[in-house]
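Next come the structures, one after another.
Below, chain A partners chain B and then partners chain C, in two separate complexes.
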Partner chain A sequence: MDVTAVDRSAISGDTLLHRAAPASKLIATGLLLGAVVTVNDPLVAAGVALSLTGAGAAVRLPLRTMLPLALYPALFALIFAFAAAPGPVTGALVVLKAVTAALAVVTLMFSTPYPQVFAPLQRVTPQVVGDALLMTYRSLFILAEKFADLTRAVRLRAGLSARQPVRSAKATVRALGGLLLYSLDLSQREYDILYLRGYEGGLRVSGKRSTDRTADTAAMLYAALILAAVLTFRLAPGLRGYAWIVTVAGAVDLATGLLIGRRRS
Partner chain B sequence: MSHIHIPDGVLPWWLWLAGWLVTAALLGLASRRATRAGTRRAVPIIGAVSALVLVSMSSEIVPIAYHVNLTVIAGVLLGPWLGMIAAFIVVLVLALLGHGGITVVGLNTLVIATEIALGWALVRGGTRLFGIAHVRPVAAVSTVLTLAITTTMLVGVVALAGTGAATRETGALDAETLEFRNPFSGGLFSIGLLGHGHEAEEEHEAEAGHDDEGGDAHADEDGHAHGAALSVSRFATVVYTLGPIGWLLEALVTAGVLGYVGRVRPSLLFAGAEGLGRTPRIGDEHGGH
Partner chain C sequence: MNTHTHDAGRLADAEEIIRISCVRHTYEDGTSVHLCGLDFLAHTGARVAVLGPNGSGKTTMLYHILGLMKPQEGAVTVFGLSPSENWPALRRRIGVVLQNVDEQLLAPTVIDDVAFSPRQYALPESEALSRAHTALALLGIDHLADRVPHNLSGGEKRKVALAGALVMDPELLVLDEPFEGLDPKSRSALLSLLDRLARERRMTIVMSTHDIDSVPEFADYAYVLAPGGRIALAGTPEELFSHADILAEGNVTPPILAELFARLRERDPAAPAPALSVAEAVEALTAWKGCPESSTAEVTATTNDGA
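Right, the complex of A and B next:
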């Protein structure tokens, strides 16, 4: 789980999705999650997942970094499906739901900086929660870098080795202990900074406006179309035999997206 | 096993919505407590500990590919109320990275917040009872107990969801009636709280003549389909078989880290991170910072 790669893409990327307003992307993600919640056919779910991947390829999001992150939940969903699902079809649906939902949120996070995602949340959460969210975001990168340094130092001293698991575990625990103390010192420094700046609660993130209205419309229209397709198959059981059409359409979307993405590069 | 790796759209809507509502209520209470204690002090501590938990979750112990959670340690540092806020933040950030569903953020927060609160109570109480010299065994036993309890909570969530309704109704909307089905329409029995949920569901399905989603249903002689239920017993078998391995690893890591903390900053084990402002920091004795 490389959080810095997500942040790098969100901040320095320049795709059609990056130009859309965060609010539009949040609405589009909400519609896609609605589709994931509603979908009840694995073929339809597979079609949505393929189409989402195609959309990501078309706008040239870094799929190589995105896909492992989006596929990671499939592992846990597979265990859950194995442990609890009543049959292979429901099992496949559970896994596909996990992957599709992850693709939707990962697409959002790869094209929108964290503070812009948190900004609307700040309006609905208590002040302490909203501020702590932003503070977590700040601390996360500092601690991730520090932990990478600590692990590298231990590795250089040959403390981490697959041949010596006990020694490796001890070294990792020591690194985590050091990181814990560092994180408390970091919180103390942050407290000092907040004190000096006269903070009394209420860290504000200014909302980012859209720089491309077409991107806003495209993102929301695409998500609405996906939700409409899923609802159609959900509400008309007679169409169940034709769910393969959605899978084929998704595959076509993916192929087209890959072609468009290649042409743009 | 500490948090629910159940994707969106698997649990029935009333269950995850209830999770969100309880979480919102507890977050409101926790925020009030944090504000009373001082926002300026609470915000950086919650941020740092949440980030610490997130970093630990994103790093594996070589070479066994297991990631630690540090929730018990977060409990020792933050206590139950600030820990509630940290639990919400950690779960939300993980969900935004695709690790766990957005709809189950509420339920996941409750599971992790329980771990944090239990970890705080057991380690703090055990350390006071047995002394700081025994912090390692206290931490290890507390972690195993905490994880066993929260794993049982996880099984409870699946058991609550494990009626025919939950399996057939993997989405929020009933396809046939175009309604959000009220889980309490048949009384408590219909959600399986008293063990008759499946029967009630079958009666409902027999009345409606529903077909099951995804084709995993089986039809009876009258042609009525019966929704297959999530297999709670199979799920419990898997988590209680795999879980103890995770509990043991987490217990070893927690014991190791808290043992280290007990050596270098023992006050943290008694006062938590909130006590930072009240106690002089090491190295600060001869001047400012």
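Right, the complex of A and C next:
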């Protein structure tokens, strides 16, 4: 996973979603996750996934990077579905739920800087947990850079070779071991820095305000509509035969989103 | 560019800010650093350089000043207090830039990083941002405000870290190898800024460095650490660089100009006293050779432009 691509999109992006307040996007993500939990028909779940992809395309989020990330959970969900689902319909539902939930969260992460996502969680979690979540942010980048340096060094010193897989594996494990030791050392140094720069427990993150009220309203309204549609199909079993309408609507959303996105580029 | 003009008036009757007396620290691997021999002192508004080879204890000394290490022997006082025991009372008065600036940048954007300390001290958000913008402007990097720290160049990261250190307008600035990764123009700008901070704000600046050529330009006073941490020599840059033998003990090579003048003196005792800046060297050499005044001025002007 290219963490820097997520970070770059979240911080430097300038889409409608980026302009919305993190709080609005968190609420919208919560509503979408609620819809994923509630949905009990694979056609409705597929419609939600398509619509969400269309929304991403309309605001010009980097879908090429986002979609592979959202599809990761499908692999694990597929294994679970094969092992435990009573039939293909339930199996499809399990996979679609996993993909849709991941898509909602990936959309949030690509449009909101990491600290802004975790700052609200910091208020409801124990202080040390909230601070650890926020501190993970920089450490992740430092470690990713360090690992890239280590891998480069191993490669330059002929430690990685396709013809010598065992030797390459050993070299990689040694590099990871080195990285682990470095990360322990790094945690101490990072704490020292925090201490020197005024930390006394409780990292303070400034709340980012919305720069576009319309974006706030649009994000929350969209998520609320999705949840309402899912709830309708869940609470009215008589509508089951019409679930394909949601799939078609999702496909239309996707097509429209791609068209809007293309026009904006 | 700043030249080494040691303003005696500015430092006269200055208050003692830091004192390190015979401190010993033993690391887990058994390596011991014994900062002894001479007391380390820094006064209000002074620019103090700490020189020495790798492993001589420069960073250990700075960590003691910052309260990150507690002396096992001896004493460290900063603003009259022991930093390892009273850091919360001291930290608002001290700005720090450590050697690895990558690990010092904590926030998602430059402006958030520079505003980190004011927010930790619970200043109003408007004041935190205003201070952050002022610090960025001071370093001429306000255009980087919305950039992501991990995408900056090494020199830019160092400037952002320095802005973060200056944001609370500290009385004491501690810098560990501040010139690493800076191009000559940025280095020169940083030297001018440090000079301005010391003169205009009476900021005390302690800097460890390997950049020997920056010492005459930067420091009012300097200390040389020998391997093991012994403080082998202390004095103004002129005093320091006239003791080539003691400097050699500390694996410190004098600036090329100091060495040139020392060798000239070996050949001819009538040669001028060591000059530590190009302009001074030109004046001293032209006076020694009896060049006409007009050509001296011309050469000086040309050299200054070049510098």
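As a working rule, the second predicted complex is superposed on the first by the 262 of 265 C-alpha atoms of A that agree within 3 Å, B and C clash if a C-alpha of one lies under 4 Å from a C-alpha of the other, contacts with A are read in each partner's own complex, and residues count from 1 in each chain.
Please note the rule applied: a residue touches a chain if its C-beta (ideal position, glycine included) is under 8 Å from a C-beta of that chain, and two chains touch if they have at least 3 such contacts.
All figures in this text were calculated on a predicted structure; none of them were measured in a lab.
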First, second, both or neither for A:113, with chain B first and chain C second: second
Chain B versus chain C as contact partner of A:255, first or second or both or neither: neither
Which of chain B and chain C A:72 touches, first, second, both or neither: first
Touched partner set for A:176, first chain B, second chain C, both or neither: first
Chain B versus chain C as contact partner of A:204, first or second or both or neither: second
First, second, both or neither for A:7, with chain B first and chain C second: second
Residues of chain A touched, compared between chain B and chain C (which is higher): B
First (chain B), second (chain C), both or neither touched by A:221: neither
Partner chain in contact with A:235 - chain B first, chain C second, else both or neither: first
Set intersection of chain A contacts, chain C complex versus chain B complex: 135, 137-138, 142, 186, 189-190, 192, 194-195, 199-200, 203
Touching residues on chain B, where the partner in the complex is chain A: 5-10, 13, 27-28, 31-32, 34-35, 39-52, 54-59, 61-64, 68, 70, 73, 77, 85-86, 88-89, 92-93, 95-103, 158, 162, 167, 170-173, 175-176, 178, 211, 213-216, 228-232, 234-235, 237-239, 252-253, 256-257, 260-261, 264-265, 268, 273, 276-277, 281, 289
Chain A - residues contacting chain C, complex: 4, 7-8, 11-12, 113-115, 135, 137-138, 141-142, 145, 186, 189-190, 192-200, 203-206
Of all residues in chain A, those that touch chain B in their complex: 1-3, 6, 33, 36-42, 69-70, 72-73, 76-77, 79-80, 82-90, 92-95, 97-98, 101-103, 105-106, 108-109, 117, 121, 125-129, 131-140, 142-144, 147, 151, 160-162, 165, 168-170, 172-174, 176-177, 179-181, 183-192, 194-195, 199-201, 203, 234-235, 237
Footprint of chain A on chain C - complex, ascending: 66, 68, 87-88, 91-92, 94, 96, 98, 100, 102-109, 112, 115-117, 119-122, 125, 128, 146, 148-151, 164
